[in-house]
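Next up: some structures, all given as structure tokens.
Two complexes follow with chain A in common, the first pairing it with chain B and the second with chain C.
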Partner chain A sequence: MSLSPASGIGRFYKHSAKIIRFVRLGCTNRPFYHIVVMERRKNQHQPVIEQVGSYDPMPNENNERLVALNTERIRFWLGKGAHMSEPAAELLGISGLLPVHPRTYMTAWRNRKAAAEAAALAEAEGSQKAAETA
Partner chain B sequence: MLRQLLNPMSVTAVKTGSNDFALEFVRWRRKPRWLPVAKSKVFRVPERKKQTEEERIELMRLHNQYKTQLRSVRQYLREEVIRHQETSTADHIVLTPEQEEAEFQRCLEVNAEWNAKIAGEREVRLAKERDEKVAYVQERLEAGKLREEERRERADERIRFEIEQSKTFVTRANLDEAIEAALANPVDHNFAIDLAGNLYRGRGTQSLNN
Partner chain C sequence: MSLFRHIRKLNALQNVRQLSSAGLKSSTLQYATDPQPQFTDAETQQLLQSMTQLQLDKVFRKRTVPDNSVHTQFMTTAQLEKEFLQTIEKAQQLLQMPPVVKIKEDTERIISKDPALKDFATTKYVFTDITFGLPQSERKVVVRDVDGTLSYATLDITKRMNQLYFPLDGRKFYTPRMFSDEQLFQRCLDEHKYEFILDRLTVQYEPYEAEFHNISAKVFEHLNESKQFDQLRSTRHFGPMAFFYAWHRCIDDLLYDMIRRDYLLNAVQLIALSYKIHKVPLDYQATLRQLEELQPSPAVKALAELRSGLRQHQAKGIENEIQTAIGKTETDFQADEISLRFIEQYIGSEHALKKVQLELAVQTLKELNLEKQQLYEGLKKAHGVQQQAS
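This part shows the complex of A and B:
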């Protein structure tokens, strides 16, 4: 399947539902996302109306996950009434453009809980070993 | 029969072999839709993700808060877009008639200036081209004249040569004398050659050499 250009040749009706969402590019085991505006009913690999950013979910050598956002156009499209997919809303919340998404909080507390449990388990194992050796 | 086929529940049940007890998703990537569930998976019940009550309440609170905030942000952005559309001159130009006239005059001046400059350059170029053409034609004319002279020279030479030759021509007047002279001096073109390459002209008559 040939790639549709990111420059935005997608056709759209004036009053159709638009959405800001990710388009998965990259390849197997190497995701890369374009953040685009397109008609909500369309498949993600159809031509887009406009590309408003990119997102590289794999941490680079400095342990950073790079995001680029065209905030001016995102504001424009949100003002025009575009919807947002949940991952896109999370990303925009973290970037500070919008309020932080509840799912972000949920992921954070679940991660904290898992880390605490893992630490407790490690501690218990350590004390058990210490008791065995003593 | 048709009614039964069109009933979506029964259709999915037939195609995926699932029951209503365990929800079965269509796994069209891995195996064809019409294959039944594997025997080892028939009685598997997928485990539900557990969500505690306090987490649910907290999430509901956060979602309510988020939706409220997003609604006001959206309203702000909507107003911003409208404001921008009203004040922006990105897609149209707003000018008074005087300004338009002045702009038009300025354009005319620029155009006239440019035309004058181009006209000067064109004059120079055309004059140069004209001179070159004249020089070329002159050169060709001279060359032609020279060629004509040479041709005339060659023709004169030929005529002189022919006149010189015509003194020895055999005419009706001296035909008898010429015949007699030829009969008196027969010429033999035969010759013999020996191994050393010497020529022996004539066969007994007078040869060309002697």
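This part shows the complex of A and C:
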């Protein structure tokens, strides 16, 4: 699998559907994504029109996930009517460039609910143990 | 790969040490108010540049870089003249001083708070704008925290991201160990590698960072004790150093060094600078103007030095020969007299701290000058120059 160049060599029709999406690079167990613009109908590893950013989903030593966005080009392609894949739309929502995606709110709510349930369970277990020892 | 692993290990070690000693201790002398307006002032800049001097041998000396090659070429006199002017211009560029500005404070700038986004992820996200052609200062870096707050990144993170996506030549992603380890830094100072430290400091840090101020202040303080000011003369760090001493009222050691090396014009400029910074009601401008008329600026002096190599085939007058033998001209003696008067006035005032030392230096210089002048006049008389002139 060869890297797709950032300037892009992908050929495209003028009126074809374009999409801003991730391309999974990196290797097994170590994902790394390029954020690219390409024709919607194409496979992710085919030549892209343009690379507009990168996303490293694994936290670094300072516990941050790093995202680079070429906002000028992203706005250009959105203005041209490019679509967005759901993960890309979520990321752009988190970045503050677009409104926050509904799915992000869903994830946040589910995470909070799961955490609350886990806390309640831990508390219940703790009180049970205390009752047994007493 | 093993090399990388080794470097990683060293850096991990450094982190441990940093935690134990929290980096370098802060220096004692710091700029209390914003020094930038005083430093960028045209008059101050001119004084500092003149004090730095322009010794071409030192500016274009061999450096520890891969390419020190010399290019040889035949040229006509006109081409050579053009080349000389370009050389001076390039030397002045190489002597550009790193600015002295106040430390930039880190302010928290929140863009939006969204409590509904709490716990959307386990770590925070850092977004960097990589739009083509933006300068580093205008590049936006924003952080989405785990609790859903979107804010501009701190200076620290911004610098890290800039270095990651748009690396600067020579700047390291991690703090170089000589700046984080007290012992290593002290060793650099003890070996008097001032220029090396300051050069690396300028590459690694921005002038508005606290580390830049802290480390440069430490170097200047050490330099003031070891008194090896000549190492920095004709480098880009001499100006900020002189400014530092003038600001913190400790110019006496530098002044003594200047008098001892017979750079009286620079000594006068240093005193004038300190008067200017501390707003001492004393008219130094008249003296400076007089001296400037009598003595050429460093660039002119360097150009004359370059041209002097050209005219060797021409017959020199006997007066010229006497001047080169003694090293001073008549106007130099006049300028020295004016400067000495000004310096003595400073030593007499309450601003001088090491009066005895300075007085001695001035006295020695005066005797030397007197001897030279007597010799000069004697030689002139012996060769019958005076009759020609009158």
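Heads up, the rule we're going with is that the second predicted complex is superposed on the first by the 134 of 134 C-alpha atoms of A that agree within 3 Å, B and C clash if a C-alpha of one lies under 4 Å from a C-alpha of the other, contacts with A are read in each partner's own complex, and residues count from 1 in each chain.
Just so it is clear, a contact is a pair of C-beta atoms (placed from the backbone, for glycine too) under 8 Å apart; a residue touches a chain by one contact, two chains touch by 3 or more.
All values derive from a computational prediction rather than experimental measurement.
Asker: So if we stack both complexes on chain A, do chain B and chain C clash, or do they fit?
Answerer: fit
Asker: If we overlay the two complexes on their shared chain A, which of chain B and chain C does A:G53 touch? Say first, second, both or neither.
Answerer: In the superposed model, A:G53 contacts chain C only, not chain B.
Asker: After the superposition on chain A, what angle is formed at the C-alpha centre of chain A by the C-alpha centres of chain B and chain C, rounded to the nearest 10 degrees?
Answerer: Once the structures are overlaid on A, chain A sees chain B and chain C at 60 degrees.
Asker: Between chain B and chain C, whom does A:K80 touch in the aligned arrangement: first, second, both, or neither?
Answerer: After superposing on A, A:K80 lies in contact with chain B but is clear of chain C.
Asker: Touch test for A:Y105: chain B only (first), chain C only (second), both, or neither?
Answerer: It touches chain B and chain C both.
Asker: Tell me which partner A:I94 touches in the superposition: chain B (first), chain C (second), both or neither.
Answerer: Touch status of A:I94: second partner only.
Asker: Could you let me know whether more residues of chain A are touched by chain B or by chain C?
Answerer: C
Asker: For A:L66 in the superposed arrangement: first (chain B), second (chain C), both or neither?
Answerer: A:L66: touches chain C, not chain B.
Asker: By the touch definition at the top of the document, which applies to A:A115: first (chain B), second (chain C), both, or neither?
Answerer: second
Asker: Please work out whether A:I9 is in contact with chain B alone, chain C alone, both, or neither, and reply first, second, both or neither.
Answerer: After superposition on chain A, A:I9 lies in contact with neither partner.
Asker: So if I take every C-alpha atom in chain B and every one in chain C after superposing, what is the smallest distance between them in Å?
Answerer: 9
Asker: Both chain B and chain C touch chain A; at which residues?
Answerer: Residues common to the chain A contacts of chain C and of chain B are 100, 105, listed in rising order.
Asker: Where on chain A does chain C make contact in their complex?
Answerer: Interface residues on chain A, with respect to chain C: 53, 59, 63-73, 94-96, 100, 104-105, 107-109, 111-112, 115.
Asker: Given the complex with chain B, which residues does chain A contribute to the contact?
Answerer: 75-76, 78-81, 98-102, 105-106
Asker: Hey, which residues of chain C end up touching chain A in the complex?
Answerer: My answer: residues 111-112, 114, 116-132, 142-144, 148, 150, 157, 161, 164-165.
Asker: Quick one: which bits of chain B touch chain A in the complex? Just the residue numbers, please.
Answerer: The touching residues are 55, 59, 62-63, 65-66, 69-70, 73-74, 77-82, 84.
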